[in-house]
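The structure appears below as structure tokens.
Which chain is which? They are A, B, C and D, in the order written, and residues in each are numbered from 1.
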Amino acid sequence: MLLEKTLRSRLAEKDILLMTHIVLGYPSLATNRQVISQMVAGGVDCIEMQIPFSEPMADGPVILKANQESLALGTTVAACMAFGREMTGQYDIPFLFMTYYNIIFKYGEERFFKDCQSAGIKGLIIPDLPPEMGEEFFRLATRYQVAPILIFAPTSTERRMAELNRSAAGFIYCVARRGVTGKQSEFDDDFDAYLARCRAATDLPLAVGFGIRNKKDVAAITGKADIAVIGSETIRLVDEQGTEAVGPFIMGLR
Amino acid sequence: MLLEKTLRSRLAEKDILLMTHIVLGYPSLATNRQVISQMVAGGVDCIEMQIPFSEPMADGPVILKANQESLALGTTVAACMAFGREMTGQYDIPFLFMTYYNIIFKYGEERFFKDCQSAGIKGLIIPDLPPEMGEEFFRLATRYQVAPILIFAPTSTERRMAELNRSAAGFIYCVARRGVTGKQSEFDDDFDAYLARCRAATDLPLAVGFGIRNKKDVAAITGKADIAVIGSETIRLVDEQGTEAVGPFIMGLR
Amino acid sequence: MENKGFFGKWGGAFIPEILHETFEQLDSNFRQAKEDPQFWQEYLDLMSTYSCRPTPLTFAENLTNHFGGAKIYIKREDLNHTGAHKANNVIGQGLLVKRMGKKRVIAETGAGQHGVATATMAAKFGLECTVYMGEVDVQRQRPNVFWMEKMGATVISVKDGSRTLKDAINEAFRDWVTNVDTTHYVLGTACGPAPFPEMVSWFQSIIGVEAKRQILARHGKLPARVYACVGGGSNAMGIFQGFLDSPEVELIGVEAGGKGIDTGRHASRLCGRDASPGVAQGYKTMFLQNNDGQMLETHSVAAGLDYVGVSPILSHLAEEKRVRFASATDDEVIEALDLTMRMEGIIPALESAHGFVQAFKEAPQLGRDEAIIINQSGRGDKDIFTIAHAFDDPSWKEFIIARGKEYAEDKKGKS
Amino acid sequence: MENKGFFGKWGGAFIPEILHETFEQLDSNFRQAKEDPQFWQEYLDLMSTYSCRPTPLTFAENLTNHFGGAKIYIKREDLNHTGAHKANNVIGQGLLVKRMGKKRVIAETGAGQHGVATATMAAKFGLECTVYMGEVDVQRQRPNVFWMEKMGATVISVKDGSRTLKDAINEAFRDWVTNVDTTHYVLGTACGPAPFPEMVSWFQSIIGVEAKRQILARHGKLPARVYACVGGGSNAMGIFQGFLDSPEVELIGVEAGGKGIDTGRHASRLCGRDASPGVAQGYKTMFLQNNDGQMLETHSVAAGLDYVGVSPILSHLAEEKRVRFASATDDEVIEALDLTMRMEGIIPALESAHGFVQAFKEAPQLGRDEAIIINQSGRGDKDIFTIAHAFDDPSWKEFIIARGKEYAEDKKGKS
């Protein structure tokens, strides 16, 4: 099933969906397995798996460190692809890959899409690939039915949002604020106005990410957006309290 | 008696005269007294007493150090003048002051000459005062009958020697070689040629200084010059063997 | 941007969405400036009154005689204010910042020269300034850190990744996406997302324009070859632009050969076989990366050349065979530096010395009626800790030991 | 020499007889050169191709606004090759050495700038080179020592007397009288026996000639005042000569006030009351000396100003009241340096910063339609050890401690 459709059918049952994030290979693929199992058990609706890259320019300190340690431990793109295939075979929620464009470019764009499709990956989040830089990429995305998730930012104009929307599929990832991943965001009036602009620009579901850490944050966007993205927070949790803490944490979010 | 006359009368009796050098106040005026007494006992014909100066530009390491230590111990120009008076009163050989021009300039030129005259000082050696810089100085020298000893150097041309000779009195100090005090000189054919040029340029007695250290050096210039100047060597001697070594050293030179 | 910032297949602007508007603004301001002769005139005025442009073209007579071939001329970017060609770019961007009305600048720096230049410009233009610098580079270019701080800049030591230039760039981008409204990122070389490669090259073209005029006046004809070291590629692009239109002038870029091109411990992207096309830090070029697209550790004695990427414009010119690339090892660099100091009384920066190495290899092959130009991108003063170390200078070491003890005792005394 | 090298009652040539012929030769070569327009043209050519002349005149807009008085212009001698005005003199003397056919040069140095400049010139002209430097100065200007050695010069640390500039001069003279036939003594400032004061001033006059032309072009009229620091007096003489004939331009020389003019720990010869006329180091001028004529210890944070004597030409101009003298203390200097770095992105040498101090005191008293020029004789990079120390910079200290330990362990390892 296409990503958007899957999400919409889940949205029919829930006020807000939860998407979580992990960095593949950090601290190990074995731990990733446990964490994902906890997440699924906790009820997440979608999981974004980051293929580590040596230059994660849009990520903050927590994810940056996870990327570096994963690579230092020898995580390869092939291993990530295989891991994705394993997860999609095991769990009935959509899995996405998040990574930077160079990973795909080096892998070979078409090969990457082909492998994603066959691995059952539903979408790709590539923060450093704006549509005007990825003609071939977006063509292939349509062809292989792997949704290219695009990003709206508080600095995006209406015109830009419309432009992005034309290339997007699955959902739109609305970055909650300026900055990188892993820091607190304010869900205030300005944020509401921004989200309203996003809503007006697209018919796709809206995910909100950057700085969502707890039930209160999730509540703050419920009714305004469709998906809450929990990123660095679960990495912190696993680092500090171990994988077992993830399930209860997810369950406590809604 | 005028310096030149005194020297000539001594020359009537000896093949070569000896002039020695001390730095006043180094290592102390008391030691200077002992050294001078040894020198006189040893038969020197003339003593050159250096009034220490902080910038002894024409002196090598041994005398430079002696100048600095003397000053560090508090030697004053007044004390040097008094010491000179004491020595001329005590010993019947000519005493000269050697110093740099600033000492005289600061003291007051006329006052300096007056005091020298009254202290019985017979001549002055000022290595940084060429005649063209010292009109008043040379006028006063004549007036107060304190001989301005001028210096010939191996680099001096005939013309220059003639010019210097016009302002000189007492004797001419022929610097044996390029350089500063305290290093070995070669008394070779070049030296002989140089000394012949000196001889031709003046009727005054010729002293040879810089690098005369032992009997052999004195012998090398005997017959060619009138006075052998022993400078740094006695300082070294006193430093290493004490004042008592000076008399025998001097006696062994001729 | 009509060609979307591509040069052949290289370049582009692979940037996070949050920066989109800022790049639009930057690009349009840059386009306006580029078409406005008054802007360039203001730039020239500033460069000739605040820095020392035109910088001289020095005839290296002794080196010429030593090698017995082409006449060796040196373009003296080391005489710029702050001691390197970096000033050209930074003052230019400073004028753009004034146009855009931003109040804060950030920069990455490797050798520290770009950081010092940016801190200087920020002081002069009254801007707040933060400089990101890899921890490894902070160590080897400590004097530059000191001066940046004294000029009022905040220097942030980047402890991620290889702790060199590329990591400083990442960190600067992280700052930029956070403070995008107030802040301009003064990128220090002809790399990064469009319009930076074109823009930085434009400001640096002042070198080539001058050099062409100067060599014609002095030598009566164009040089046979022009040499420049290539880190990001800005000084090379700067001087090459004076001669790109003259196919008879051969252009040679010299990359960091580090411990040797076969050891893997180098930073040669356009010569050697370790680099491949990639997209990172916002642009597509030849990167030193593994098969997965992960960037490799690079090495060079010269912090300013120790970088995984290279100007997309140079990747294009390499592909078109308009520019030839060579590399110089650390050891060759120290040797060329030594020779240049002793024969000409000139101290090239370690970066610049790479260009000298290749020029020295080739000069003897050329006729005496030919001329070559080496771009001396900067002066070596900044490298004293590295150079003294490389020469294993005993009295320098004694001096540092003594000073270190003194400070250590002070500290003990106080605590 | 018609006036025997005197300026009023100051100057002359009080030299050991052994140097007489060499001075005759030097003087006649200098006279010929001075009358030969081709010589000056050759000099200009070299200065504009090897160094970066004309050096810019920078309008210090931020400082001007900060003080709210006269427009402050800075003459940028720091942008010369080797980083100070010393290059002007040294290249000039180098050309004379070529004329005289000598093969070896010696020099004294305080700040190390003159030593570096001489070593540089010697490298370029293929001359042997020995530099004398007081032990105290070797310590505080270590980087310069390193560069001199790298350029092939022998640096001799002088351990006599106060172990500063004056002792280095004595030692250079001792070398000269020894090697008079082969060697030229490249005196570094407008002091010493005639013809040095006149000759050095002549070469440095290039500063004033340029500055006058530049200020007229930029400001439309002559400046109200011109400030320069005064060590030996060469940079001051250099810039003052552009304006000596214009009585409406006030000329201000700034000496080292050290710990304060009343503490005795300073190097102020022409202001303050500690100096008196004297004759030393070959010339007559105002010296810091006691009643017996023994030179005093001097003190300044700036090695290049830490000297007992001063140019006889300046003593004369002081007596004639054509030049006014002031002093700046070490603390004031550090403060002015700090302000200049932060506001203009310019790092004056500690020596030069003395001129800035006095200019800053006086600028607010002048009208906004007036201009003043400060001669920035050199750049502060060389002073990093002193400046970092003065600012008590903790991360610099940590860095030096760490490096020191590393080297100390290396040494242990080897022995």
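The rule is simple: a contact is a pair of C-beta atoms (placed from the backbone, for glycine too) under 8 Å apart; a residue touches a chain by one contact, two chains touch by 3 or more.
Predicted model only: the values in this text are computed from it and were never measured.
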item: For chain B paired with chain C, centre-to-centre distance based on mean C-alpha positions, whole Å; value: 65
item: Chain C and chain D: spacing of chain centres that average the CA atoms, whole Å; value: 32
item: Averaged-CA centre spacing for the pair chain B and chain A, given as whole angstrom; value: 97
item: Gap in Å, rounded to a whole number, between the CA centres of chain D and chain B; value: 37
item: Pairwise touch network: line, ring, star, complete, or other; value: line
item: All pairs of touching chains, each written as two labels joined by a dash; value: A-C, B-D, C-D
item: Residues of chain C defined as touching chain A within the complex; value: 4, 12-22, 160-161, 166, 170, 173-174, 177-181, 276-282, 284, 287, 289, 291-295
item: Contacting residues of chain B [partner chain D, same complex]; value: 53-60, 64-65, 68, 71, 76-77, 100-103, 105-107, 127-130, 132-133, 150-157, 160, 164, 175, 178-180
item: Partner chain D, residues of chain C touching it in the complex; value: 48-52, 55-59, 62, 76, 79-83, 119-124, 126, 139, 142-143, 145-147, 149-152, 338, 341-347, 381-382, 384-385, 387-388, 391, 393, 395-397, 399-405, 407-408, 410-411
